[in-house]
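The data blocks that follow each hold one structure.
Same chain, two partners: chain A is paired with chain B first, then with chain C.
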Partner chain A sequence: MSVAPPGESANCVRGDLMAYATLSLISIFCAIPFFWLLIASFDGNAQLFLRWPETWTFANYLRVFAKEDGAKWLFNSLFVVGSATFLVMVLSGLGGYALSRTRAWWKLPFLYAILLIRVLPSTALVVPLYKFLLTLNNAEGALLRPIFGSATRDIMRWTGFIDGYLGLILVLATMQLPLSLWIMKTFFDGLPRDYEEAALMDGATMIQRIRRVLVPLALPGLAASGLFAFMSAWGDFLLPLILLSSPELQTLPLGLFRAFLRINEIDYGLLTALAFIYLVPAVVAFGFARRFLVQTFSGGVKG
Partner chain B sequence: MIHLNNVRKFYGALEVIKGVDVTVEDGEFAVFVGPSGCGKSTLLRMIAGLEGIDSGDLVLNGTRINDVPPDKRGIAMVFQSYALYPHMTVAENIGFSLSLKKVAPAEIRRQVEEVAEILQLGELLDRRPGALSGGQRQRVAIGRAIIKKPALILFDEPLSNLDSALRVQMRAELQRLHRELSATVVYVTHDQVEAMTMADKIVVLNQGTVAQVGPPMDLYHRPDNEFVATFIGSPKMNILPVAVTRESADRAHIAGPLGMSFVLADASLSEGPARMGVRPEHIKVVDTQAAHFVAEVAIVERLGVETYLTVGSIEQPIVVRVEGDVTFRPGDRVPFAAETTACHIFSPDGRILRSAKAA
Partner chain C sequence: MAKTLQERRAERQLMIVLLPSLLLLLAFVIYPAIYSVYLSFTNEALTGAAARAPRFVGWRNYTRLFNDAKFWNALFVTFVFVLGSAIIGQFVLGLVSAIALRRRLVFRTLFSSIILLPNAAPEVVAGFMWISMLAGGDHATLSRIVSFFGLPTADWLQVFPLAMIIVVNTWRGIATAMILLTAGLSTIPQEIYEAARMDGATPAQMFRRITLPLMMPTILLYMLISTVSTIAVFGLVYALTRGGPGGATELISIYIYNQSFTAYQLGYGAAVAVIALLVSLMLGIAYVRAAKVEI
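Moving on to the complex of A and B:
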């Protein structure tokens, strides 16, 4: 073993220092917007530029919930994205399982085809999608109006395809489903069939096999697929913008956007507070899913 | 008693089980052995009910069970991967089949503890499989099988995930369990040593057919064909191309490679090409005048109590077992003779023509 000459090791240290310095700079550069968001949201008199607040206050947050419809936006966002995520987890769990276990010839073509949905920018599909949903919506309206009369509008707020929760939930779920299906299919590929067969030999019915064996085993995969679906749907702005118009259906990003567009002066305090509220669920979702993602199931195979 | 009657299995047009007839008696430890891909797992899974049976009958204790669902057959299976549920404790794993049947928790606990007692798993009941060693997981997997009090327990290469020391230990353990539970066992392995050491009855499979069925020493001494002869026993039986010529009504002359030439007491062999099988322990070092052949030593493997010599050419090596402390060295030319009573003669396509006389 040879000893590195002193000059070389010094070089190493210097190289390391350079690397750390560069990385730190990049990190700070990335972190500053978030930092600004955080402190500005507590600043009684927030400005466009980063500054230390003169007075710390919750007034911005109070304004979001008292003066604006912040609570409703938050609920709408959580409800729509949460439902879409739930839908994606159920469908990708079942579908991923089926895709993993089937030997059908169309399996690969199908998998690539659905991935195409993900690759195509949804913006390009906005017009036909809108047209399609509008037709569905009108048909639903025509069906419901004779039965429910004036209550139809209230029902359609939940079940409508345009300007209703259902339409947005379905479209968001559709956009997220391909990736989640792939995740779950790959996950189930790695899960030996022995588990199900052992359960079958033990006399488990189909429902018992799913509930007591497959779902617990699939939790890490479901967490991953749900997390990706949630984060991606949570960040989506275009679809709610196009599909929702009623003020009471606005989601957080729409509320944020509209607050930003107001003609009179820009209220940075309100905007940053809103933005911060918008960030929190994504971070919470990440923290929640992380537990399952890192959970290694080292059971079963090999000693 | 489990009986397979002309059982067949196709994957598409490919026939992987080609008419298998096997009977395993109550309390018997039967080992299905054969090279990789010969259909052992498929056959076992057909017995378990995890694969359908395309034709033939599967009869357990007098009932045809071809169409009985897996959990109603009274058969338990230990998987090669163990398939222990990682999200359940050892106790939950063992008691899973009972909990599916809605047995009262106290009763499950009692039975689980009973099984844990037999398998020496007492302190591990509240652990998860991830926190167990390979041998412990193996025992949990067995516990999950025996708690069902099955008429038949199936094992698919259960020891292949263990290191060799543990494997020897688990072999003894499995035999002890088999005695204590007086269970009927069908055990699949590709390892003929496992088959020889554990089986009451060995079923040798080759490409989806039964090559031979019998007690271990029968297969060792009286193989029905060249496949079984070379598959059973380690090191393998030597197989040499020979020519048979008749000397008289009860004597046949054998000529083989390396100038091999000797006379067998035999009345039935016909003249022509054949294949001779002789085990390493049935070739002896002799005086030059008694030699059947003289060959150059290529490799000397000393194992202590015995030594294996590989002699002859690379194309036609012959393995000979000699005493542990011989002084042969590679390059020595040594005279050998085969024990004529222990020579098997096979037809060119591998059927037995003349069995060894040895017990």
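Moving on to the complex of A and C:
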């Protein structure tokens, strides 16, 4: 680097100042809405408006867990999204490997198909999806009722397709699959085949090859695939809105949304605390995912 | 080409490990997409006589659609929403941020982290925060900012609903624009700028003559991607306005939801959904071709 002539450096300083000014304005715009959430959640008498609390307190956060609902929503979200993420990691790991290594005719059509699936708006799919899940659910109910009688509803809460954990987990996982398959396929493309071929020479079976060779090698890719699946499923509002109705199954976004609709009896302290708890995992995951963002957005279609 | 026995076995195993993913996608994406085309030709409903015995009604849902002022309103609202937030708002602010962040600034990481933050917030939390920002009365944050500058306040979501959801969605999407455009900027060789500076070009000239033309492919891809993903926006706006007041923010996605799950008209909702699917699919195909995605 050479020393810039005097006129140039003045130009450079002015440019830097302009950059600071615009970035500060944009940052304020981006950050302002978060203030209310953060401050009100520690306010003993929280309101809908941003205000400086007279008393700072942790009581709102304690109430989230003392009052049963908040803790239940949190558990439901963690369970449903956790299961879906795990499922996506397993399926995309296996499927991405297959898509990377296969030489079969279906490779290209499949890859184009998952690219195009990502552009389909999920709002346009939920109507037929709901009908289809309702049919599956009724069939399952008809199958289980003669066997389990009145206990059927309790079982269906776990295994039902509508208003049950299983249906929501499967659908949430499926919606994340195209991106995750794409990430894993790209990841395996970058892994040399030598390791597997060596293992194959040694007479390792498919299962052994996956467990001993591929899983350890694929961990960074799986982390990315899992992070994106988690973020997207964690933030999703539409699917729980359509698939869940029982209060005891509600996930965080749904619980928050419905609690907020009860205009007259809103406990802003509790809700902001809950919203903040809901926000934290998303932000943490986003922080971890940051270094993958560029490749993912430019490689596929943004999700 | 004779394949060895071992190769064929390996291929079969690959097919088997891909099968669960394939089945899930077929069951919960492909089948519903095809089924929605079928549903759009029936009078299927969620409750009532039509729910028990849906009939085939031909093109009736589609003719109804073209005469339905609320459908055209939803299309219009979606168009303005995409244009205002994705094409203009997110793009301009994202490009400005991307260019400014190319300089070696002290708080570079801090700035980019803050700009990424709205993108990380779940839809409902984002909606929740903006309800507080935009609420009526003089205590809401926006009203306070506005009155600080001596301007009149308003019940923002009631008076300027469409403008407000455009602001909110812009807020949420600056980060994605910034990330994509940063990637595009980094492909422009620095030497071109050096040479232009030697020739005495002003920053404005360099932006118009170098940055913009060389960024055109990236910008085009960004426009396609963000249009598709903005058409799909639902939760953020639904949590804020639920389409109201009086349909002023009823995006096509909210219209589908309201027709299907509030008015229980599944067949009609499906017809609207088919239109949305077709538009998205065409944009998606354009993207895949323009991006020359490497497979």
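Keep this in mind: the second predicted complex is superposed on the first by the 268 of 303 C-alpha atoms of A that agree within 3 Å, B and C clash if a C-alpha of one lies under 4 Å from a C-alpha of the other, contacts with A are read in each partner's own complex, and residues count from 1 in each chain.
By definition in this document, a residue touches a chain if its C-beta (ideal position, glycine included) is under 8 Å from a C-beta of that chain, and two chains touch if they have at least 3 such contacts.
Note that the coordinates shown come from a computational prediction; the quantities given were computed from them, not determined experimentally.
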- Task: Would you sort A:T174 into first (chain B), second (chain C), both or neither based on which partner it touches?
- Result: second
- Message: Under the stated touch criterion, which partner chain does A:A19 make contact with: chain B (first), chain C (second), both, or neither?
- Response: second
- Once the shared chain is lined up, is A:E197 touching chain B (first), chain C (second), both, or neither of them? first
- Query: A:L48 contacts which: chain B (first), chain C (second), both, neither?
  - Reply: second
- Message: Once chain A of both complexes is superposed, is A:P33 in touch with chain B (first), chain C (second), both, or neither?
- Response: second
- Query: With the two structures laid over each other on chain A, which partner does A:G226 touch: chain B (first), chain C (second), both, or neither?
  - Reply: neither
- In the overlay, work out which of chain B or chain C sits against more residues of chain A. C
- Overlap of chain C and chain B interfaces on chain A (superposed complexes): 297-303
- Task: Can you check the complex and tell me which residues of chain A touch chain C?
- Result: 8, 11, 15-16, 18-20, 22-24, 26-27, 29-37, 40, 47-51, 91-92, 94-95, 97-99, 101-104, 107-108, 110-132, 170-171, 173-175, 177-178, 181, 206, 231, 234-238, 241-242, 252-253, 256-257, 260, 271, 275, 278-279, 282-283, 285-287, 290, 293-294, 297-303
- Which of the residues in chain C come into contact with chain A in the complex? 10-11, 13-15, 17-18, 20-22, 24-25, 27-33, 35-36, 39, 44, 93, 96-97, 99-101, 103, 105, 107, 110-111, 114-126, 128-133, 135, 137, 139-141, 144, 171, 174, 176, 179-180, 182-183, 197, 203, 225-226, 228-229, 231-232, 234-235, 238-239, 252-254, 256-257, 260-261, 266, 269-270, 273-274, 276-277, 280-281, 283-285, 287-288, 293, 295
- Message: For the complex, give me every residue of chain B touching chain A.
- Response: 48-50, 70-72, 75-77, 79-87, 96-97, 100-101, 128-130, 133-135, 137, 144, 148, 161-163
- Can you list the residues on chain A that touch chain B in the complex? 192, 194-195, 197-204, 208, 212-213, 216-217, 219, 297-303
